[in-house]
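Below are two complexes that have subunit A in common, paired first with subunit B and then with subunit C.
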Partner chain A sequence: MPPLDDVVALSRLQFAATALYHFLFVPLTLGLAWILFIMESVYVMTGRQVYKDMTQFWGKLFGINFAMGVTTGITMEFQFGTNWAYYSHYVGDIFGAPLAIEGLMAFFLESTMVGLFFLGWNRLSKRKHLMVTFCVALGSSLSALWILIANGWMNHPVGAAFNFDTMRMELVSIAEVIFNPVAQVKFVHTAAAGYVTASMFVLGISALYLLKARDVQFALRSFAIAAAFGLASTLSVIVLGDESGYTAGEVNKVKLAAIEAAWETQPAPAGLTLFGFPDDEQQKTHYAVELPWVLGLIATRSTDGQVIGLKELREQNEARIRTGMQAYAALLRLKRGDKSPEAKAAFDAVKADLGYGLLLKKYTPNVVDASEAQIKQAAADTIPKVAPLFWSFRGMVFLGFLFLFIFSAAVWFMVRRNLAPQRWLLKLCVIAIPLPWVAAELGWVVAEYGRQPWTIAGVLPTHLSASSLSPGSLWFSLFGFLGFYTLLLVVEMGLMFKYAKLGPASLHTGRYHGEAGSGTPEHLAEDQIAAV
Partner chain B sequence: MLFDYETYKLIWWAFVGVLLLGFALTDGFDFGVGIALPFVGRTDTERRIVINTIGATWEGNQTWLITAGGALFAAWPLVYAAAFSGFYVALLLCLFALFFRPVGFDYRNKLQDPRWRNTWDWCLFAGGFVPPVIFGVAFGNLLQGVPFRYDDMLRLEYTGTFFDLLNPFGLLCGVLALAMLSLHGATWLQQKTEGAVAERARLMAMGAAAATIVLFAAGGLWIAKGIEGYRIVSMPDANSVFLPAAKSVTRATGAWLDNFARWPLLWLLPVLGLGGAALACLFSAARRSLPAFLASGLAVSGVVLTAGAAMFPFVMPSSLLPAHSLTAWDAVSSHRTLSVMFWVVIVMLPIVSLYTGWVYRVMRGKVTHQHIQDNTHTAY
Partner chain C sequence: MHTLSNRPSSKPPRRERLALTLALTIAVKCLVLYGLWYACFSHPQTRHMLLPDGQLERHLFAAPAAHASHNPNQ
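Coming up: the complex of A and B.
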């Protein structure tokens, strides 16, 4: 029995909420780990205490964030089984592998070493501790690599084939899954976006200290490392994370067209819509401002490659749904025991479109008896709502260029040793602290909302993927997650603000702002937080 | 591919066993330490001592669970899907309890307020108490079979509820897991602390060991005399690809002893479980903390492996349609995936073990009052 529509909707909501919550913590971990490694490397090379203090102070903030990353991450490893049982059965043969490899190769390394990072300072030589920090950073980035290989496969399922005996997709080539071009682009883009997030975090908090003229030497050095690392990372995000990743794979073509509100197929090279108001009803974009040629150049890296429009994509998908109905009929014949070569050949000829046939399951359980209206409806389902993708993408890109400006300006004035008078820039850095998170979450909305109605592009529709649970179970878990996560997030933010305000004085070395005398602001602040 | 399909199926049964055992043996004492925390530590410094015995290593230990989850997904996708969606509410409760640990360990010392710290202590207690009970209850229900079946598109239908899991035998197994991991945590604390904390841990270990022995023996008798086990009557060649429904299965009281009758050496496993717990009790009484910890490790291994050996090749029997039961022969991934993942495990698991061992070596020695005072701003 397929799941109820309510259950599918609640399962999607829960997955989106838990994944977006998890990704509040992941990017900072990804980037801050490398920033800690850079700071500690300078400490090991120069032996100067301030760099050790920097590593330990930013390490404290890293720890507060890391704990929430682990807390929200445990959920992700189990949620495919709990809420997406048919998905797990249908593609576990391929999708499970990168998750298991992530555990063995990356997460073990990261979480085994992270304890020594915090508690091993007095038990390890300088070099050994630096190696531990390196392992934490390497582990977290490797972790992102394997997760994005899994996610890339959902968007562009290569290296796998359907087996009608076991009623699932099975692995054909692990190399194709690992070297999936979509996964590679996604990894570089996501990891670099994490590095940007952490750089902005360090840059903004350091700017705050500089604005208050406290812990200046400490803050300047932190600012410098964050600015340089952030500039390099922002350039990577923009240059390597452009739309080239969207050309591979069928569903990505839909995503690209929706992002650009490309209703019609234009003669190559297509123009880029900078701005406008997409209208799903009339299938056109009002007040569009277009740059000729640019989209075609970016998306296809050529002057003759075509960007296919949404209307044409829907017609193509409708044709594939009709073939998919034949595929489903051929599958039923095989399932009923007719394993003759003709029956297999009949299925093989059309099995590439089986997933499109399964789209009809939402409307008729038998698929093969779908009416014209149902086929049209299923074809319409393959085109996501344009406006959310159009705006999310533009929001993300705008923020990306804003970060480029901030990091460039930061590096510029730092190199010219003229940073302190630029109070506008320092203030902008503080204000910009939360913006990389906004960009990252918008990016995930583009990537995942744009993949609908599929969990596995062209292979498995979302509404079939969900577990057949009761709505009551879903409400229980959804409220549980939101309650726990929100409560813990409030606690986490409270600690983060407290320690960011305290600054390096929280290390109790006696060298930093606010540490002299009794009744220090620290105790006051502590009491206030405790009272809250 | 190096081995045939049947061999890989067997190897993967062993690998899943190794990962679950690694989880029980390492994170097992973290759970026990969490359970012990509010009772063994009376003052703030004592509680910090308790927490810091596992502060640097618990996170790596928990990764055994995460990795076991991933390995189930990759190698036994049908089990991953059926167990986690079937035991939905129970697993969610377990997850919610696990949430408290990463934040609890890291946030507790970040503020001085006693109310703050006391709250986290009870959160850490919940994070240690709830998961063993739920894992125990889950295994207790697997031994009895759970109500599910597949339709012809291999979609799972699970007809049980959360409260059905809380049957007498399931609860017995839950309490057994609680006692066993309390023992494991208490012997760990005995070894890693000194003075009053170690003394309280010693008493806890002796009590938990006695409870483990009684509950394990009672569970064994129940299995032999009162619970219907599952038995494969016929199935296709283990080397071939087949669906769960392709075999035929019967239920019979005492069927979980079939494997012990066939391979009498397996009786060593329950002996190890009972003997390990008895030795842990005796060594604790004699204040020999390291042997006591090693003996409790033997007890944990014996108990977990006894359950696994009794059920082999069953993993998740179906009480609704016994033929649809999931076994190591038919709940598995394709030959290619099992082979690829075999190599990943063969290469990575020794590396993981090596660096984990190194971390434990770095953190060796007892955690003392002096240690907490010297590191008051950096220790947990």
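Coming up: the complex of A and C.
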């Protein structure tokens, strides 16, 4: 809980809350769109009605999620200008383009295509409708791409330079921003996590139908597609998560060291702390269970690359803070009107560390004469709290491997046509439905909390990014968002439960469970499931 | 494809009820978002991601420490 009157903490809490709520809706849209495309592709190729029914039924659940989720992200853009004015000004030249493109993608391509998906069944040919479904899937993934390019830039600001005249970061290379390795890895990791979420959603609901021996052929086909897509997606998430760790080792060393509770720089290759209790006060991990070599191999892809520990990183950051003080002084000289080549050269020589100098603004208005104690404190601030990162990361990874087990087992028993006796697996699939959301939210905690104390890594500290607002207005809007988003979530859950319970009978084709003339008595359904 | 549209009922068909619910939700959502924007976010300090001239300079160069109570010298 932040202090009641801390504007920066309240602004962070509001942004985190809206982002985490928004991301409850996003991953299902991301993944379910591609599952719909797969189902409809099979329908177009085989002409079998059940695949059209699958596309329409799961499309209905997609529609519910889309309707509840659309525009929940726009509230974050409200906050940029109002709550994060200094941040917005500082990075607007870079941030504006990806956000605008994302808006165009989300509101024009994606929303238009979603409309066509629902209204076009009787108006478009099979192939044209399939293309629409493809565009829905592509549009949702492209929306995510642009947001994650913006987010990736916050973690690794490339392709931009600080202009002391405008006091902004200005775009130097759009290609560098787009092909930022952090953004690319983040995009594929996040998108694949969305695919896992949707796969588990379809798998779990299909498993529920199988457990109840209803709509068996429908459920089996849905289960098979979700299991195969989910297995491929989970493997992608794990491989890309490993790539993300490697990228973090290259450009976000503090985040990596904090995630791994690597207090000291170990001889290469460093061991990985599998389990333990990190203690930020004592800077050690109690009861640590270590796997030798593993961290060094994952983070550096070599046997001789070092993973630098937090203590050493703090010393390095302290040195950068001292250089940052010089950068601040040089910038002050320029802003006071001395635009001589010497003044510019003096600033250019140290401007890379200006952000580190700005960390001192938390403690003194006069950065240039900060005391030793203030410098030490600012250096300590460059290390985020280890325990939340350590545990969030392990929770996410544990869930990732649990999903791998579930999808692997599902595919294994499907291929061996031995699914029916595995009621434990079917029950596990149902229980696991919410877990990908938990993993995704933990992933965002790792990504964003691990970036602290920066909004733009190494460039702009969080405490200088927030606007000068009154705590009262922040509390008001925070409760407004939380109340509103909670209501949306309740409506979504209510509709999802209702239509999942109805199942494909909600299509009113007369072929499914509970419909007059569906003609599949329970004992026949049980025979069907027993056959697989 | 069978639909419920031929059944005698005062309620709209279930499929249409869902569409109606979703349309209503989106409409209410837009209204609430507009209300929140109007109440809390309609007067941002930045316009088109730009602060008024000199405001960032004042923030960076002249503003007092935001967290003086955390000052390790105190």
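The rule is simple: the second predicted complex is superposed on the first by the 496 of 532 C-alpha atoms of A that agree within 3 Å, B and C clash if a C-alpha of one lies under 4 Å from a C-alpha of the other, contacts with A are read in each partner's own complex, and residues count from 1 in each chain.
Here is the rule we go by: a contact is a pair of C-beta atoms (placed from the backbone, for glycine too) under 8 Å apart; a residue touches a chain by one contact, two chains touch by 3 or more.
Note that this is a predicted model, so its numbers are computed, not measured.
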Joint occupancy of subunit A by subunit B and subunit C, clash or fit: clash
Partner chain(s) touched by A:95 [first = subunit B, second = subunit C, both, neither]: both
Which of subunit B and subunit C A:463 touches, first, second, both or neither: second
When both partners are placed on the shared chain, which of subunit B and subunit C touches more of subunit A: B
Which of subunit B and subunit C A:104 touches, first, second, both or neither: first
Contacts of A:476 with subunit B and subunit C, given as first, second, both or neither: both
Partner chain(s) touched by A:362 [first = subunit B, second = subunit C, both, neither]: second
First (subunit B), second (subunit C), both or neither touched by A:376: second
First, second, both or neither for A:488, with subunit B first and subunit C second: both
Partner chain(s) touched by A:8 [first = subunit B, second = subunit C, both, neither]: second
Contacts of A:266 with subunit B and subunit C, given as first, second, both or neither: neither
Stretch of subunit B penetrating subunit C in the combined three-chain arrangement, among 39-47, 57-65, 75-83 or 183-191: 75-83
Residues on subunit A lying within both footprints (that of subunit B and that of subunit C): 63-64, 67-68, 70-71, 74-75, 78, 80-82, 85-86, 88-89, 92-93, 95-96, 118, 167, 335, 467-468, 473, 476-477, 480, 484, 488, 491, 495, 499, 506-508
Sites on subunit A touched by subunit C in the complex: 7-8, 60, 63-64, 67-68, 70-71, 74-75, 78-82, 85-86, 88-93, 95-96, 118, 167, 332, 335, 358, 361-365, 371, 373-374, 376-377, 463-464, 467-468, 473, 476-477, 480-481, 484, 488, 491, 495, 499, 506-510
Contact footprint of subunit B on subunit A as seen in their complex: 1-2, 56, 63-64, 66-68, 70-71, 73-75, 77-78, 80-83, 85-86, 88-89, 92-97, 99-105, 107-109, 111-116, 118-124, 135, 163, 165-168, 170-172, 174, 335, 467-469, 473, 476-477, 480, 484, 488, 491-492, 495, 498-499, 506-508, 526-527, 529-530
Residues of subunit C defined as touching subunit A within the complex: 1-4, 13-15, 18-19, 21-22, 25-26, 29-30, 32-33, 36-37, 39-41, 43-51, 55-57, 59-68, 70-73
Complex interface listing, subunit B residues touching subunit A: 52, 55-60, 62-63, 66-67, 69-75, 77-78, 80-85, 88-89, 91-92, 95-96, 98-99, 101-103, 105-107, 110-113, 115-116, 151-158, 241, 243, 333-334, 336-337, 340-341, 344-345, 348-349, 352, 355-356, 359, 362-363, 375, 377-380
